[in-house]
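Working notes, structure below.
Naming follows writing order (A, B, C, D, E, F, G and H), and every chain is counted from residue 1.
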Amino acid sequence: MLIKTVFAGFGGQGVLMMGYSLAHSAMSAGFQTTYLPTYGAEMRGGTAHCTVSVGDEEIASPIASQPENLVAMNEPSLEAFQNIVAPGGTIILNSSIIRQKPRRKDVTALEIPAVEIADQIGNTKAANIVMMGALVKRMAIIPPAVFLKSIEEIMGGKKKSALEMNRIAFGRGYDYI
Amino acid sequence: MLIKTVFAGFGGQGVLMMGYSLAHSAMSAGFQTTYLPTYGAEMRGGTAHCTVSVGDEEIASPIASQPENLVAMNEPSLEAFQNIVAPGGTIILNSSIIRQKPRRKDVTALEIPAVEIADQIGNTKAANIVMMGALVKRMAIIPPAVFLKSIEEIMGGKKKSALEMNRIAFGRGYDYI
Amino acid sequence: MNKVLIQGNNIIAEAAIRAGCTFYAGYPITPQNEIPEYMSEHLEKRGGIFIQAESEVSAINMVAGAAAAGARAMTSSSSPGMSLKQEGISSMAACEIPALIVNVMRGGPGLGNIRPSQGDYFQATRGGGHGDYRVIVLAPATCQEMADLTMDAFDLADRYRSPVMILADGMMGQMMEPVVFKEPKPRSYDLKYAMRGAGTGKSKIIRGLILDPYEMEENNWRLIRKYACITDNETRWESYLTDDANYVVVAYGTAARVTKGAIKRLRAAGLKVGLFRPISLWPFPSPALRSLAEKIKSFFVFEMSAGQMVEDVQLALGGAADVAFYGRPGGVVPTPAELADAIIRQYR
Amino acid sequence: MNKVLIQGNNIIAEAAIRAGCTFYAGYPITPQNEIPEYMSEHLEKRGGIFIQAESEVSAINMVAGAAAAGARAMTSSSSPGMSLKQEGISSMAACEIPALIVNVMRGGPGLGNIRPSQGDYFQATRGGGHGDYRVIVLAPATCQEMADLTMDAFDLADRYRSPVMILADGMMGQMMEPVVFKEPKPRSYDLKYAMRGAGTGKSKIIRGLILDPYEMEENNWRLIRKYACITDNETRWESYLTDDANYVVVAYGTAARVTKGAIKRLRAAGLKVGLFRPISLWPFPSPALRSLAEKIKSFFVFEMSAGQMVEDVQLALGGAADVAFYGRPGGVVPTPAELADAIIRQYR
Amino acid sequence: MKKVFSKPKCFKDNIMHYCPGCGHGIAHRLVGEVIDELDIRGIAIGVPPTGCAVLAYNYIDIDMIEAPHGRGPAMATAIKRVLPDRVVFTYQGDGDLAAIGIAESFHAANRGENITVIFINNGVYGMTGGQMAPTTMSNQKTTTSPYGRDVISAGFPIKVSETLAALGRTAYVERCALTTPAGVVKTKKAIKKAFRYQREGIGYSLVEILASCPTNWKMTPLDSLKWMDQVMLKEFPVGVLKDIGVTEKGADHAD
Amino acid sequence: MKKVFSKPKCFKDNIMHYCPGCGHGIAHRLVGEVIDELDIRGIAIGVPPTGCAVLAYNYIDIDMIEAPHGRGPAMATAIKRVLPDRVVFTYQGDGDLAAIGIAESFHAANRGENITVIFINNGVYGMTGGQMAPTTMSNQKTTTSPYGRDVISAGFPIKVSETLAALGRTAYVERCALTTPAGVVKTKKAIKKAFRYQREGIGYSLVEILASCPTNWKMTPLDSLKWMDQVMLKEFPVGVLKDIGVTEKGADHAD
Amino acid sequence: MKGKQGKISIREEFCKECHFCINVCPQGHIAPAATFNSRGYRPIAINPEGKPCTGCGLCALICPDIVIEVYRE
Amino acid sequence: MKGKQGKISIREEFCKECHFCINVCPQGHIAPAATFNSRGYRPIAINPEGKPCTGCGLCALICPDIVIEVYRE
């Protein structure tokens, strides 16, 4: 088993954090994993993206040639990556920002109004966690508890309220699909 | 035919000039020739030396492994080079400054009190030309006229008196042996 | 033995600190910035010295000074910055100053880009600097190796009083994999060459200047003998599925990772392909490769460059087997599928 | 056609001016100081620009700027200074800026000494700088060649829009031999790449930065194709007494001179030895050498280094003949007699 | 109504790659406006740096040649000497000019090369992710000074303009700031004067422009303008540091 | 009678390789005398330059490490940081310090490294044969300025000491000249103060020493002293350019 | 420019939401738009509650991305 | 140091004939020697016509080559 997921959006949407949390929880869940961010000038202004590979044996290339999943946070990202998604794969898109629909017909598209949902629970910034809820459910290999544990570890000293906020945001995303 | 001559002395004794004048006159006389000076830090304070090769066919290495002639202007130079002179070769030494005699017995040693001679004609600095007189005579392949012509060319715009001075100095050295 | 998920560049920095590195000087350049950034946050807290130098030229000479004073010292940079360090590296090799130099390669030549590349192999293994010298060059292919080889590098530097280079690339520097930091060897080397003030004893001189060419030649031969000894003792490589292979790919670092992916595909398609992965690029594991050539007659060199290591492969094989080459210069990391296709094209 | 007796370094400077070089920037270093000194005296008088740069790093970038502005430009240095120019050279290769770079090699590594040496062969031919690039490297063995190759170098630089290097050594730079300056080719190349202000037309951009790796790769392959074309068309060599030879010495520059002396001795002693002298070090005259191997089975490589060109010889011969090596690193120029002995020891 | 403000004629139509609120965008535009107003698009040659502005040629439509990090003044020196009647300028960041390139900057200024240096001081290494620059404020946190710039080990922020103004052959050195529309206007005047001096052969000119880098300062664009005003301008006071033009040839007819 | 003057204890017995009348010889001896008097032979670490003084270790019997041309201050920075209780100094020529090494010199001074720089200004590149240095006098003929230094293209002689004294964290900068016995005594005092300041942790010190290079000036040793007095000292006035020690900790008890 | 009449045109795609313009506009004539541009930024728009544009050009002067064109009588 | 008595000793081999010392000696106590040292320089010697050495040390201070040792009462 080897599942690759590309996360893409513009700087400030917490894209790299999404990828890291997936890789971390995959590690905790006992899988092999690699995480590869974009880096350097590209992050500036333009779009940021990262790739997480999760598998049960040694992972050769951390790069996503044909990712099973794409998590798209804005339109340029959907544009940039929808064509490389593996046939039968999944595109989870942030429908609050992305107005168009994916061109690909051979993939499942899950539209999550992440910003609205986050706004509802009073924290626009949590939109990325909402998306993670949907992704983790869809991937169905990482127990939600393990993921939330990872989030806690990653956020380290963050105060309870923030953690609670993530818990809720994750739940909303998880239950949305 | 290939004749190599090493000129050695301390900075300011006109050692490089001696070598250049020999190479230049050799060229004028229609021979193949190379000139290789010492360069860089060594010239400072310490001894300067140069090697001139004169031959009738392509000259491979401009370096003197076994020079036929050594022109030594001071004791350190004699020390440094007398051992490499070819058996049967010649050491022309500036006896005004060099008190010791060459250790080598298988070479001809010509002692020229160059400084005294130059002093006599009223120009200590001409000691090197005195030595050249002796050398050119000893080598016996470059016509004195050709050599003096080269000196003129080399010194270019120098005024007559200076050229005349060299003419005399050269003659003294030439006649000394 | 707890696993942590951290990034390649940070792994190098953390491993160095654990290995007793107490001095870091460097200058920012992508894709290795996380090394100086990590050092600036952690090194001084843990008793070391961090200096952001005004340039790579200054950084390499600071490292030379610190190492000459007896510290375990390191610098890091990426391709253009490495070019600026060449005089300093040549000088350190001449003065036999041990230190770690990390090059996280990017696309070149010139300013190029910041993508993963292997275009600096010649510079690293042939001495981009002037004169006859070599530095030990280690090429990690996993985050775990980033940790292990960094620690080993300091040990090798001390053992041979020589600069040692970790040659990674943007992907190795930026990616994360779970790693476990091993216990570093204690530093048990005689440092009597170190400049620490003469005290009441004889004064020490560290210098590369030897005006007399014959003395210089003697010293050079002494260094060459040292290099020969390194060549005899320090070659490292990995063989992967070579026993039953008809074809063997030779690749290092990131290219070797991609190759493993390609091999899975190829073997699935019934093509018996193996991998020979040099870990020490200098000394190059020529004997090991040469002995493989006793049964394997077709080697396929893959580099993320226009072809540099391929010369070492040819020199090692000396005509004993044929050598094909596939290169992707300029910052491109091909997919395992692309590589697999290239291999099939070559041998079908 | 009048002969003049001037020194190697001055010959390069004079030949460059005659070839239309109108810009020189350099920094003092022995044994090449006579080049900047000559330029400072003559270049401006003859309509050019001389700048003593604050460093070699600055000098190479000044040359890049001048050449990019359309001038025939050059710099010169010696080993340690050349190491500092590597980033600039890589950048010029990437930007395809034509210029002449002279390296009058001295003993290395490090500060070393100022004696003649050939220790920078790897740096010159393998790109001491980062990334996949090559520069044309020409190695003169006589003062006459210093003059001729300098003029040719500017022509080659323009033809291929590439930096071209003259690789000489302290002996070539310091010695004098009578030379005759040939008439230089007129400069008849399209300079539309030159930065001279856009006027009313399209603006020009000269850059090495190509952030997209696939674009960068395309550009690299384009450069590689250019290098291949250079390899096909610009190899130069001299064969000396190889027709009846049983053994052939491969040597360049000063080492080749010494070899001719040794060959005289050896032939006098009845040993049929010839010389193959690469004049272009990159591209290396592999085909010519290879074809020699059809009848000659023993090649003897002699370098004033610990062994660098010997790799190109082995790569060229690919096992077709055996290769012996004799090296004298660190600034030593052996005598023809010493070399002859070494050859006899090898083959008796 | 007539158009009173729009994109400079010498500008290409690309969206700039800079971050929201980045000072480079304004500085680029001002250079473009001055090139338009002096009508020198055809004779201007720019040397962009290795830094965030490396892609300046994607926006300003003039001849440009990229310089290796810090070496712009060396390149510009040569270009100007080869083409004395062109207007040659470097555009450099503070890391580029004051760290790796200080030697080239110092010596080009000391030689009094008749070039113009547009010096964008944002107090950090922008392109590489906000590391400490020679111009970083005392105690300022950056990715390589996570506890704040320690002046005891890193020294005080370097005032390059003051250093270069003190050299014998520099002609015009002014420091400006892009914090307000007025500052923007002042900056444009300074750039215009610098280019004019170059054309008049008055000599080396440098315009230091304090500019925002919200991304690496980890501030909102608006907060970064506030911070510049409250902190950066205290350390780097704006104003003319040197101007030989006013006296010499009374050339200061800056409008 | 008792011996009142002889070779410093920390000196080796080699004849120095310098030319007749070379200022390096005196400067070396003074460094040696100060090392003796402060009794720091055991903790002194010297960084000789690439220049005529590259062989300083043949004369002064202390730990020394050669620096690549111009990089002494970078090396010294690291050595001092690793060994804070040692006395670390560079010994640099004007080409080494002001040309190729200006970046390292400028930044080490700006960081305020607690090191001492002995700066030998002889206005030329001595070792390489008398080429023009950044400090060469206006109109002075050298092997690379055969018609005299043209300030229009080469700029004015650089006053490094003034530039570095202006930086925030430099502690002590003085210029001296080896033209007379009195000047020699002053120079020794300056070196002694610089070393003492370093030991007291007062900070970065630089002693610029105007020194003769008869060989490359193409003068007799005696004429070169005259020339220094008549020409060089006019351009480079001797004196203390900065001294925070006198105020701070009242540390100026120079004898 | 009292009483002067002006107007601005906005190149939404160029806007990066830095709000420099909003901050300097003396008329409060500009405000964030409700929607995003394709690059994910909320560009500016004319502020319905704002006073009329005088064409003073301050917004354009401070705009880093040449988003605003200004017209004046 | 009026009237003081002193003397100097000379390490001939170290002397490079720069004459700095001769130039500064208030007593004219030193002068060029008649002969050369082995390195080709005429070292200094005591000047028979000179006044006696006072041991002031000026010569030693200015000597670049540590040729002179000075003794004083």
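Observations
Keep this in mind: a contact is a pair of C-beta atoms (placed from the backbone, for glycine too) under 8 Å apart; a residue touches a chain by one contact, two chains touch by 3 or more.
In this text, all values refer to a predicted model and were calculated from it rather than measured experimentally.
Path length between chain C and chain E in the chain contact graph, taken as the least number of steps between touching chains: 1. The chain with its Cα centroid farthest from the Cα centroid of chain D is G. Centre-to-centre separation of chain A and chain B, using mean CA positions: 86 Å. Chain geometry summary: the mean Cα position of chain C and that of chain D are 29 Å apart. Each chain gets one centre point, the mean of its Cα atoms, and the points for chain C and chain F are 39 Å apart. Here the CA centre of chain E is 60 Å from the CA centre of chain H.
Shown for chain A are the residues that touch two or more other chains, namely 40-41, 45.
For chain D, residues touching at least two other chains, in rising order: 30, 51, 54-55, 57, 80, 87, 91, 95, 110-111, 114, 207-209, 211, 333.
Shown for chain F are the residues that touch two or more other chains, namely 16, 18-20, 54, 66, 68, 99-100, 102-103, 106-107, 127-129, 134, 153-154. Considering their complex, residues 57, 79-80, 82-84, 86-87, 90-95, 105, 107-115, 117, 119-120, 122-123, 126-133, 207-214, 216-221, 224, 305-308, 311, 314-315, 318-320, 328-333 of chain C touch chain D.
Contacts from chain D toward chain B in the complex involve residues 3, 5, 30-31, 114, 170-171, 174-178, 257-262, 264, 333, 335-337.
Contacts from chain D toward chain F in the complex involve residues 27-30, 33, 36-37, 40-41, 51-52, 54-56, 80, 110-111. Residue ranges of chain H in contact with chain F, taken from their complex: 5-7, 13-14, 16-20, 23-24, 39, 41, 55, 57-58, 60-66, 68-73. Residues 1-7, 11, 15-16, 18-26, 29, 180-181, 184-185, 214, 221-222, 225 of chain E are the ones that touch chain G when the two sit in their complex.
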